[in-house]
Amino acid sequence: MNILLRHRIILPVVSLAVLLAATFYMQPRAMSYFGLNLLFNLAVPIALATIAQMMIIMVNDIDLSLGTFVSLAACVTATFLNDAPILGLAILLALILSYALLGAMIHAFELPAIVVTLGMSFVWGGLALFILPLPGGVSPGWLRALMTVKPPFAPMAVVAPIIIAAVTHLLIVRSGIGTVLRGVGGNARSVQRAGWPVIWLKALAYGLAGLFGVLAGMALVGLTTSADANIALRYTLLSIAGVILGGGEFTGGKVSPAGAVIGALTLTLAASFLSFMRLSPDWQIGAQGAILILVLTARLIFSRKGAGT
Amino acid sequence: MTILAKPWLWSWLAAAAAFALILGLTGGRGAGELAYAALSFGAFAAIVGLGQMLVITLGPGNVDLSIPATMTLAATLALKAMGGEPGTAFAGLAIALGVGAAAGIANYALIFLLRLPPIIATLAASLVYQSLAIWSNRGLRIKPPEGLADFATGRFLGMPNVAWVGLALAIAVWVLLERAVAGRWLLATGQNLRAARLAGVPVELVRACTYVAVAMFAALTGYLLASFSGGAALNMGAEYLLMSIAVVVIGGSSIAGGNSNVPGVWGAALFMFLVVSMLNSYGAGAGARNVLTGAIIIAIVIAASTRRART
Amino acid sequence: MSDHESRPIVALVDAARHFGPVRALDGVSLAVNPGDCIGLVGHNGAGKSTLVNLINGGFAPTSGTIGFGVGETALAAGVRSVFQELSLCPNLTVAENLRISHTSLSGLNWRRAARAEIRQSLDTIFPGHGIDADAEVDTLSIAQRQMVEIAIGFAPRGSMARLVILDEPTSSLDAGIADQLLTHVGRFCAGGGAVIFISHMLGEVFEVASRIVVLKDGKVVAEGEADDFTRKGLVDAMGHVAPEAGDVAVTAREFGPEILRTGQGLAARKGEIVGLSGLAGHGQAEALAQLYLSQSSAWRADRTARAAFVAGDRQRDGVLPLWSILRNISISVLRQCARGGLVERQAEAGIAENWRRRIGIRTYDVTNPILSLSGGNQQKALFARALASPAPVVIMDDPMRGVDVGTKQDVYAMIRDEAAKGRTFLWYSTETEEVCQCDRVFVFRNDEISAELSGADITEEKILQASFAMQEAS
Amino acid sequence: DTSGKRIALSNNYAGNSWRQAMLETFESTGKQAVADGVVAAADAYTTSENQATEQAAQIQNMILQGYDAIILNAASPTALNGAVKEACDAGVTVVSFDGIVTEPCAWRIAVDFAAMGREEVDYLATRLPDGGNLLEIRGLAGVFVDDEISKGIHEGVAEHSQFDIVGSVHGDWAQDVAQKAVAGILPSLPDIVGVVTQGGDGYGTAQAFRAADRPTPLIVLGNRQDELKWWAEQRDANGYETLSLSIAPGVASLAFWVAQQVLDGEDVAKELTVPFLKITQDTLDEALATTPEGSVANVTYSLEDAQQVIASAR
């Protein structure tokens, strides 16, 4: 039993390790404090966004607006949060709240989340264009400092994902409320029957997604020093892939926060690995698809094995 | 009461409202012109939307994200093969459909053999198709043969030819879903794959055919769109990714699968064109246009779903 | 006795619940007192589940009132429900599922407390259950899940359970475990708790209930001390005049050639009714599913299917939830009533209507959604689906789950009738009584066939012996 | 001596003919330079998605790979500043062109996009002295180039008050998108005398006017071969006359040589400008003859051109 429980996380760990070994082999320079930082620092916002997506997938929904939402959060961070911190903070809080509201609305009207978030992706994107019609803005100094801090032993790019994984693991897997939230994904009716207000739980899950989405936007601005309205569009699909790569499933509340973080790191690393291979430009895009397929195919071997035992 | 409960109604109402708002601006002038444009461009969205609808009907998690890449690849290869020579239109069509079928089979092979979730499988495959398109033609815009271009931009009985194609396909899909055994199999598979299998439905055949069908619809759209706009471009399919999903869900099909809605797809396709035109006509900037489009989509979905719940 | 203990735990006064034109429950008055063990019986669609849902707050009554002895809500009053369909979260562990129901469990060490509580409860009700509190529910068999659900229902969860409603708790349990449950229910009621026990197995109801309430078409038609009822009286009150089991002697028949044999040793001849038995979860369902899957293909559909399947777990394996009853039935005969790939809708409707009448599905219109039927009637629709198909072999995976006595008799007769016409049936059942009606029985133990019985050898003792022998030896 | 130096091209998008022509020019220039022993390597990299985040990661990888110079067509003028700064700190020369970055440590080979927008209107003023209604086709919303050109156009219109912009749509620099957007807005517009565009959208606009049975206005074009061909056809048929202007994809080769010069120790000003490529009625046939079918009018810059640009900036 425990093997099964653990094996959900083994696969992402192994894929990451194999890919990392291959990267080090091809580019030994990466095997240093400096190298690891360059390799992984842009994975930090992706990891946060993946966690946000995981919160939604956990309650059996899917969020197609996450990329635009993170972009919007980044725009707010690079403008309001820098110029008028109080107002900026208020706006970010309002964004989180509106995510929670969205969750409650999806539950109350029994709306398909995929459609609502599709609609919201236009809304967030439009708001981001209002705030930053042009690329620009400046990262708040403290944020830049936080994202470029150099802790002893391991670079920020390694420390931050570990912290994110640990915190979300405690929150989602260990804590009581996290268990109930996963229960909503497993069988919402039974959670409802046990007397939990499912609408609040949905709001909580979406609110958490909003929180991590905002954090992702902030982390991104801390790294890039400025923002634009399209900066994180890619995160929508990337975060979904990250959750799946990390051993999560689209339905049934089966998610793993640590796996999701590892999935995000793996995706980032896969892109770097390809660029070290120096393919012809024609095939660079296709190779990204191929490597995604390859990494996920490993899932198959594991699940066959899992079924066999 | 029963007509209000029809989920496709809302997309048509929304399209009509957008149409009326534009005409309000011009004082009724240009109605025919606008309707013609809406039918032309709506047809492309409707055809990919019909394909996407079939896939979404297969149940939760089923969606084809490779539509844009398949469109581009099919159009690129077909137009390159035709090279603008007259009389090659049918050969080009065959190539486009062949590319579509191959892409569909490849997508399904990834899903079936490697057990990848369709979202991921089609996303990954689309990157490969994109590479193939770049490699094969390096983004050169080759003109379609004149006869084909004339057909794609031409009209018959006052309606654009592409809209006739879209209409014919819509009717075919409607008959399939409402009357045909295969359609029943598809709907059963979408509701509960395991139960359908145990009821004797050849579920894998159904899934395979559906993924091939959506890719062929996308390929056909790519072929027509390239002929319509004077050549294939590498990014020509980009906007059809969200568009194909949007027209399905605005059209009233259930995203949970097993339930689909052909007339709604056409209504939603017209709406998606008209709403942008309306906002452009009223001089809305990109930001306002996006916010309003999103808000309207959500409003339609809420209206459709609360109506359904009440009956 | 203190004051509030003498008050009823829950009292319904003239409670009714209508679904549009359907009067699911039509004015029922009922009081449940501490120490009561009420057996609730009634035909499929009589309104039992609706009554349960009114008591536990799942539905609001259309008219009438529901009052609780303590507090305002069912939860506060200590009312617990065990639903028949799975209402656990399959992605959580057994202990975590307890956490879902035990809303006040908190603190850093809640896991340890939850584990201890569920273990305690399982040990009390089902000694020797062998369920790990840290196992994820979807790794458990359906019987084990049912046991967990029952254990959670009886667990203290902060307060004490005062009334536990069990809606067909034994339908997927084998006899031994069902006995453990009945014993516990007796103990629980003797200790001052109350139970509402719903079952279509009248033997169980007589064994455990102190009072019996009979529902028919949404009304209470009979109510009284259990001792005042006879089995026949009960069946009569439920409104069925079908003959009792065993009234019809199983006549020896001639069978055709052997048409099936699996690697495991499962075999069937043309026209034979083959039973699969043994303790629940010993591989019977898997063997049947495998057999069906090997007889059909996911890649092509033969014009006449070689086998048809009747699911027991209807949510998972049977019902197509968005469709009408008609389409749910006709899915198996589409190829027969189609021309040129298009369905002939008149022919289709004719077949469905015909089977609705033959099998007695309680609806006035087969174009109603399948989900508007009660569980038992949904099951009948699944029967109709399989019997309507021209397949020579019908595979049935515990198909009588939640089917009422009267209907069972009808279905038995229909099965015998079809068998006489040359159809072969493979029939897994958790009820030994049903298996005894078969021509040949395979008993399963640990995913293997431990005995093959036929003719006069098919007796309850022999089946039990074959089910348990090995376990006693080891 | 730069024969041991390695140069990489970081490109964020490959999905249109302009970018493909750019990649091709870079590749041929780079190959020749490697063959001639001028540099040790000239590799091109393209991200799979047109996103600043991906390109930032790409630049970081280039730092790890030890390139001496990165020439950069950036997805965003500011969002890559973090990565560019890291490159500079690691001693890598960064030269940005077309899509330039604002990070001070990088070189910029800029086109004055605002001037391009102004020039369009100036040209219309010479051709249409009576003025009239204009339709504006914009590029991709939220992108700096789009805003610059649009700003120039609006400045021009403010200057020539006989013109009125009565409609504005986003054509995303793609013929099919432009065609669709124009078709949607045309019915609500009065008569249009001229269309100001941003490149890659002129042919689609013309198609939309034709489909709506409207007279073809004066459309300023953007150097795409299909646009030029259409122009030549119209000219032959009815004497149609217009102007076509855009930045030449060959600017990548200029950036390559500038990077080489910087590596060579030359003193190069951080801000360089390159003129845009203009095609007039007189040069149309020549341009059409040298532009491959379906591609973009192009010029390849040589080392001498680069030296000239560098000298004029001093």
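Just so it is clear, A, B, C and D label the chains in written order, and each chain counts residues from 1 on its own.
Criterion: contacts are C-beta pairs under 8 Å (C-beta built on N, C-alpha and C of every residue); 3 or more make two chains touch, one makes a residue touch a chain.
Owing to the predicted nature of the structure, the values given are computational and were not obtained by experimental measurement.
Compared on C-beta pairs in contact, A-C and A-D come out with A-D as the pair having more.
Between the CA-based centres of subunit B and subunit C the separation comes to 45 Å, rounded to the whole angstrom. Once the centre of each chain is set as its mean CA position, subunit A and subunit D turn out to be 34 Å apart.
Look at where the CA atoms of subunit A average out and do the same for subunit B: the two points lie 29 Å apart.
The set of subunit A residues that touch two or more partner chains comprises 128-129, 133, 284-285, 288-289. Counting partner chains per residue, subunit C has no residue touching two or more of them. For subunit D, the set of residues touching two or more other chains reads 14, 48, 141-142.
Shown are all chain pairs that touch, namely A-B, A-C, A-D, B-C, B-D. Against subunit C, the residues of subunit B that register as touching in their complex are 175, 179-182, 184-185, 187-188, 191-192, 194-205, 254, 258-259. Against subunit C, the residues of subunit A that register as touching in their complex are 1-2, 4-5, 174, 176, 179-180, 182-183, 185-187, 189-191, 193-196, 252-254.
Interface residues of subunit D facing subunit A in the complex, by the touch rule stated above, are 11, 14, 23, 27, 43-46, 48-49, 51-54, 56-58, 60-66, 76-83, 85-86, 141-144, 147. Chain contact summary for the complex, subunit B toward subunit A: residues 60-61, 65, 110, 114-117, 119-121, 123-132, 134-135, 138, 242, 245-246, 249-250, 254-256, 285-298, 301-302, 305-306, 309. By the touch criterion stated above, subunit C contacts subunit A in their complex at residues 56, 58, 75, 81, 83, 86-92, 96-97, 99-101, 103, 105-106, 110-111, 132, 134-136, 139.
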